[in-house]
Amino acid sequence: MKSIYPSWQRLLLIMLLILPMHAVMALDLVEKTILAGLASDNNNEKIESITALGQLTNPGAAAILEALGNDKVFVTTDGTILISQDGGKAYDPATGNSIDTPAGADTITINNRLRRALQAAQASAELYSPSAAVRLAAVMRLQKEADASRSPIISKALEKEQDPQIKQALKIALASSTIKGGDTAARRQAAFTLGESGDAGFRPILAAMLQKDANGKFNEPENDVRLAAETAINQIDRHQTIVAWVGNIFFGISLGSVLLLAALGLAITFGLMGIINMAHGELLMIGAYSTYVVQSLFKAYLPGMLDWYLVAALPVAFLVTALVGMALERTVIRWLYGRPLETLLATWGISLMLMQAVRSFFGAQNVEVANPSWMSGGVTVLGNLVLTYNRMVIIAFALCVVGIVWLVLNRTRLGLFVRAITQNRRMADCVGVATGKIDMLAFGLGAGIAGLAGVALSQLSNVGPDLGRGYIVDSFMVVVLGGVGQLAGTVVAAMGLGMLNKFIEPFWGAVIAKIAILLFIVLFVQKRPQGLFAPKGRSAE
Amino acid sequence: MTTSHTTNPHSSNSQDASAGGEASYGRFKTRGVDTTHGAILYLESISVVFDGFKALNDLSLDIGVGELRCIIGPNGAGKTTMMDVITGKTKPTSGTAFFGQSIDLTKMHESQIADIGIGRKFQRPTVFEQHTVFENLELAMKMNKGVKSTLFSRLSGEQRDKIGETLELLRLTSEYQREAGLLSHGQKQWLEIGMLLMQEPLLLLLDEPVAGMTDAETERTGELLNDLRGKHSLVVVEHDMDFVTQIAQQGKVTVLCEGSVLAEGTMAQVQSDERVIEVYLGR
Amino acid sequence: MTALSLNLRPRSMDGLFSPKAWLALIMVLALFASLPILNLSFPEGHALHVSSYAISLIGKFTCYAMAALALDLVWGYAGILSLGHGLFFALGGYGMGMYLMRSGKASPDIVPDFMTFLSWKSYPWFWSYTEHFWYALLLILLVPGLLAFIFGFFAFRSRIKGVYFSIITQALTFAAMLLFFRNETGFGGNNGFTDFKRILGFDITSPQTRAVLYWASLLALTSALILGRAITKSKLGRVLTAVRDAESRLRFLGYEPLGFKLFVWTVSAMICGVAGALYVPQVGIINPGEMSTENSIEMVIWVATGGRGTLIGPIIGAGVINGLKTWFTSALPEFWLYALGLIFVLVTLFLPQGIVGLIRRITRQDKA
Amino acid sequence: MLTVKNIDQYYGSSHTLKGVSMDVKRGECMALLGRNGVGKTTLLKCLMGVENIRSGSISFEDQEISQFKPHMRAALGMAYVPQGREIFARLTVEENILMGMATKSGRQAKQIKEEIYDLFPILKSMLHRRGGDLSGGQQQQLAIARALVAEPKLIIFDEPTEGIQPSIIKDIGRVIRLLRDRGDIAILLCEQYFDFAHELADRFVVLSRGEVVASGDREAMDGDDVKRHLSV
Amino acid sequence: AEGTIKVGILHSLSGTMAISETALKDVALMTIDEINAAGGVMGKKLEPVIVDPASNWPLFAEKARGLISQDKVSVVFGCWTSVSRKSVLPVFKELNSLLFYPVQYEGQELEKNVFYTGAAPNQQAIPAVEYLMSEDGGSAKRWVLLGTDYVYPRTTNKILRAFLLSKGVKESDIMETYTPFGHSDYQTIVANVKAFSQGGKTAVVSTINGDSNVPFYKELGNAGLKATDVPVVAFSVGEEELRGVDTKPLVGQMAAWNYFQSLKNPVNDKFVAQYKAYAKAKNLPNYATAVTNDPMEATYVGMHMWKQAVEKAKSTDTDKVIAAMSGQTFAAPDGFTIKMDETNHHLHKPVYIGEVQADGQFKIVWKTKAPVQAAPWSPFVNGGKPE
């Protein structure tokens, strides 16, 4: 299925693989006995062999490990291990020869267990990698393998290490490997170190020390160490509470900005223009599909720039949705001003058609929109809270879009005219506002903003014909809760709902959280029947 | 200040209605409103503040039973706001408003206030635009306005006659089947006055009843109000001095300015008051 | 003057319907009522045979029509747009479903599968007595009515209007849907109730039972229409329209809109509940999907298509739209959304008063 | 400047304007009189393009405009003070005035000329209040201000004195006279307040049931003929 | 027309379920073409009748009734969700017609008028969990049961929980979480899973439905939870669903099915090639990336078996076909000649566990030696007895 696009990537992988190998080939060979385990049907033997390869710490062994991870290692019918190369060739690590791949050679299947062993094996070698990032990743992996046998390797690495962050990580890794095996002082020290790390991953080890075994004896014989372990546990728990709070705040803001983005376009088309725009969700969808198309075009024509497709997708999505919006406005909606409920009916019809159109063009299935590499992954803060890049980018993006919308509505006359038109269309016309043009532009703007939101949503969730339906209810709630026509209200409502949701969810689960939010809205509106930022006084009537 | 009376007038009112429609709006009755001291409305140091702006500033005023009181004053003096306070549309920031001796208006809803006998004509004519002229009058007509009695209500011949009379009076008989939204501005003004009459309130509040009427019609309205004088209590806000002179006769005219009473007296006194000329009449 | 004033009346305040309308109504009713007889008395293949499929379809549409009529009562007359009538419909349906669920079992104390999965050995309290038909019927009226009353009381008292009201009805319905989706709530989760067997001891799948259910729906719809007509033709109806157009003005005339709104709102919810209750035995399933936003919006669309504020329009609208949907989903399974969507757009653009508006325009032109 | 020939207007099937003809010249004030409901407002709406006419012609500065949309007429230099104020209730006073300059380019329409506040000082103190919160008379002043800032060539007033205190009515009268005397602007004034109209008008027309029943110079305004059409 | 046999196809082509069901309609049509090209059934051509129940459950019942009583179809292939099946069941029973249901489901049901060609829980869920418990599967000690809040996940998780407890897993080592339909914000849940996994080797069993999978996997990938740390095994994610996901971060995550496109055997090679050719010939949207998956295979197998049964019964009469179905065998793309159980209307199916690869296909890491017989009534619910 992904036959076209990954080809460039595969090429890259192969190149990476081949390059070091040329250098290696002349250097070290790996003994056949070590390799023999790989040919076995038994995963335990494979793991032995992999571990042995890891301890060799020579580039030849490293190349094999790497090739294993990339499904590039074959075993022939007679049990010879080969690394596949370009053009049907294969390299024999035991002899250093490059031969034609024999018939019947079978790829060695790597499953999760083997992959884990592989990574651990590679980690030891990677502790000396020139790249700090690789070293850090390796240490983190070692931290999890609390295994006394690794202490020497880690200590050695610790001596050499310069980078303070990695140094700290190494210390923790060392602690995690000495906590079981070391002497009393070392164990005590290790408990402290682990406590300071705040990493909940160590909690079970520490907790186990405090437990008694079948004979009623503590697993950890020394009282001192037990005390240290207890302190460490408390420290970890405290840290985890902070992490949970920070996490919730981040999640809340991020959910809030998603709601905000989804609702912003509607804040214009519904909030300002008074159109109950049921096709708003489909405008989001069009934005997301535009992203998909741009991504596909990049894959086909600009594979080198693929990481930046998203930047190109923004203007494209904006324009496409704005044009669709303007077309809808000119053909259908323009006849319905002043009859808001009719707009509900018509836009509902439009939304059905748009959904089906997408189904006909792109299929009923979701399409794949990938995060560009700079939006993949996340940064770890406070030990084990991952703030994902895509969420951060989207928060920033939401702020930008709000800013732009605010500027357009408050710093250009468009906003003034739009508001005037919705309040008194006839009089706006009489004072000289070309209502038709302004309507078209405003609706186009609202639609375009929805398109931008679609780009953002494509980075978080699925891009499919139903994308819009998932957001339409939430969007309306946000706009209404904020007070129709109040941009600031929309922002506050979105953020408020996001936060509220994320603070309820850990306690009651996602389903109840959602129910609670909805009931909250019902109750809140009782208190503020015109939304959060309601206009007061005579003008409100 | 008791609130226990708030429900009282309601019940006595509904008895009134079930006793059969009164044929004319002329008869003056005080339906459970205690007017022993001769005044029907007391406003005491009412203040209304909108976001820091004092629309009414310690306003005190009382209206006698059967009195026709004209209120004038510059634009923005707070005349409409005062009516809003009396009818329950706006809650005063401070001060009290009593209907008769015992009914605290500030604690009541708009509909309750209307029910105990305070009717109002708005500055901008507000009628039910989708209803016919006839239906507008029918809706306004005095009767028990609870859900049940409304559901089962049928127009009696008498009531129908009364609507007919009012239509004649308003000169809208030929328009009675038209939707009120289609009337001209002046016609709507008339219709709203008609609705007010149908309500048969004890106290009528008229906010600029002749705005947008021709001089001849203004005069007619004046005559109508003079007719009502003595039978109802009336508060009339107007900027048309000829009209005010016509209806004020020798009665009291109150001048509001910046939310409180600036001057009070007969029309002649007020018109010659320097301050009134300065802020209101102009030279 | 007396002569003149005797002629004065609000627009057609006389009888519920004009004699002509009565005649038309009775004729249409007779036509529809006779369908099951044709179904039962003529064998398949006979020219006069009406298929059971058609009967079940029309029966279902009748229930939809009733829901639409209920919605029109609040939306068309009192201007209260509910995006949550699916909730009342579903509640009525669940009430009936509970009864059917238990009446089909060998003993009403045997718990259904989904409770077994939850390891519940007996019915929870809110299921008590639902094995009795009359009690279930009571629930069908009371639960939607009470919920509407309580919700409406607070919402109307807070003077929530317009989109704000619509949105909270939507929020409430959505919340209820999520609640019912949960298995623990005790209503069968997503699967809801299916596989009904008997109603009042009769086999639910027999043509006779079907015919009776069909007639019951027709009767309920007619009663609802007459009730709705009586309400809207009364003075209360005119007060409601006044609420719709200028609620605050009405207060100054001495009407408290709260009571009026609450009255139609509750009546509407109850009618909707009855519609749901009649719907369930005919389609054989009730699940939280009935409370989905889409369903409630679709009801609004039936009303708008048929003609808002006409009572008869929503009935026509529900019939036409659902008929088209049934036809399209079979005839154009892959393109029907285009067709349906286009119809919605065209109706709004060219039939602003809905189908009834079109009919009125045509008849008026004929006269002119 | 503005010439109306034989226009007919219908609301549905009711014939509201029947062959109305009139004209307004530059530098003069034309008064439009008539009883309630005779079609004055309707006529003004037709001139502004808010209502469509069925037949007849409307020309402004020798250009046929009867098919123009209101905003195009505004762009040509027509301004309108409607009956019932029609201010933008949820825009602030300042924004309402800025709306009056909608026909101007964005840069020109940034600053509101102080002259307007000289005329209506109250507006200056209420710039940031919402239009809808103003009192009736204040709204009327705002509506006039909104029309004046457009610096139009023709200004149409529909009962501008309605609900305004006497002293300001005098001010408005002064303004209208000033505008008239400046000579570059045409004024069409529909007014019930006879004395006011009488004082300002150069010429007048009287409408009755959608037809022009009398017209003439100021001198003729006192005539019994006119009185008859205005009395009940 | 005369001389044809009508076959009903009852899959949502619009609404939320269209994402999954559309492909089943396509594969059904392909199979019909195939059968017709080979001479039809008993010399008669098959004539498909397609309807769109639009992901609306009462509409499913209505459409089923229409197909059977109006269109007079001999058999219906259709439904995906349990509720849609439950909705049409009474209709099939009342009109005594035949439904082939091709999707894995929660079991606890056995109807005379239905043939279940998807997996029962013991043919999918239990083996997957056993695998995760094994050394090769990563010897998981702690379990996250994560699902969308409806019957299939609830029941499956109930069965799994009972199973896990029977294997000595402690209650405190099981975390069960549900999300609403269409949930798209998995931040909290992923964070919770991560925190939970700190307590020991953890595996996630996902019964997340439909659209929610994409946001879940995206969040999972970005939060850095790798398959090597916390493996996720899903029961509703197949090749078709992965078309909409960027699979690079998901490498190593698992799915348990009875069929994968990547299976290497001649029947499957032919099946995959045939479907790709069909997609291209019919110009289906995105035909270049067309894939096959488990329910598609189940549809394919079901239709062939039905054909065989009809030919054996020499009639399309429901009862005769039902009788003839028992013990039918068919060389399926899943690599075995599989059998329709003599009594329980379910297929004997092999179970495969696959790991996601970067290209969106699955690498099979575990399989049963032979097809497994279905146990529709799970021994972990109600003692394995019907109600």
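First chain written, first letter: the chains are A, B, C, D and E, and each begins at residue 1.
In this text, a residue touches a chain if its C-beta (ideal position, glycine included) is under 8 Å from a C-beta of that chain, and two chains touch if they have at least 3 such contacts.
Computed from a prediction, not measured in an experiment: that's the story for all the values here.
Chemist: How many hops, at fewest, get you from chain A to chain D via touching chains?
Modeler: Contact-graph shortest path, chain A to chain D, evaluates to 1.
Chemist: Once the contact rule is applied, which chains count as partners of both chain C and chain D?
Modeler: Chains that touch both chain C and chain D, as defined above, are A, B.
Chemist: Which chain has its C-alpha centre farthest away from the C-alpha centre of chain C?
Modeler: Relative to chain C, the chain with the farthest C-alpha centre is D.
Chemist: Measuring from the mean of all protein Cα atoms shown, which chain centre lies nearest?
Modeler: Chain closest to the assembly's C-alpha mean: C.
Chemist: I'd like to verify one number: the distance from the centre of chain A to the centre of chain E, where each centre is the average of its C-alpha atoms, in whole angstrom.
Modeler: Computed value for the inter-centroid distance: 28 Å.
Chemist: Hey, how far is the Cα centre of chain C from the one of chain E, in Å?
Modeler: 36
Chemist: How many Å are there between the centre of chain B and the centre of chain D, using C-alpha atoms for each centre?
Modeler: Distance between chain centres: 31 Å.
Chemist: Chain A to chain C: how many Å between their CA centres?
Modeler: Inter-chain centre distance comes to 45 Å.
Chemist: Where does chain B touch two or more other chains at once, residue-wise?
Modeler: Residues 50 of chain B touch two or more partner chains.
Chemist: Would you give the residues of chain A that are in contact with at least 2 other chains, written as numbers and ranges?
Modeler: Within chain A, residues 355-356, 360, 469, 511, 514, 537, 541 contact more than one other chain.
Chemist: Please output the residue numbers of chain D that touch at least 2 other chains, ranges allowed.
Modeler: Residues 133 of chain D each touch two or more of the other chains.
Chemist: So in the complex, the part of chain E that touches chain A is made up of which residues?
Modeler: Touching chain A from chain E are residues 13-16, 18-19, 21-23, 135-138, 149, 177-180, 182-185, 187-189, 191-192, 194-195, 198-200, 211, 213-215, 218-219, 221-224, 227-229, 231, 239-241, 243-249, 252, 254, 284-286, 288-291, 355, 358-361, 363, 365.
Chemist: Which positions of chain D touch chain B when the two form their complex?
Modeler: The contact residues of chain D facing chain B are 11, 34-38, 41, 83-84, 122, 129, 133-138, 140-141, 159, 162-171, 192-194, 230-232.
Chemist: Which of the residues in chain E end up touching chain C in this complex?
Modeler: Against chain C, chain E makes touches at 13-14, 50-54, 56-59, 61-63, 65-66, 69-70, 81-83, 86-87, 89-91, 94, 108, 149-151, 154-155, 158, 178, 180-181, 381-382, 387.
Chemist: Across the complex, what residues on chain A touch chain C?
Modeler: On the chain A side, the touching residues are 276, 278, 332, 335-336, 339, 341-346, 348-353, 355-357, 360, 469, 472-473, 476-477, 480-481, 484, 511, 514-515, 518-519, 521-522, 525-527, 529-531, 541.
Chemist: Inside the complex, what are the residues of chain D that reach chain A?
Modeler: Touching chain A from chain D are residues 48-50, 69-71, 74-75, 79-80, 82, 86-91, 95, 98-100, 102-103, 106, 109, 130-133, 146, 150.
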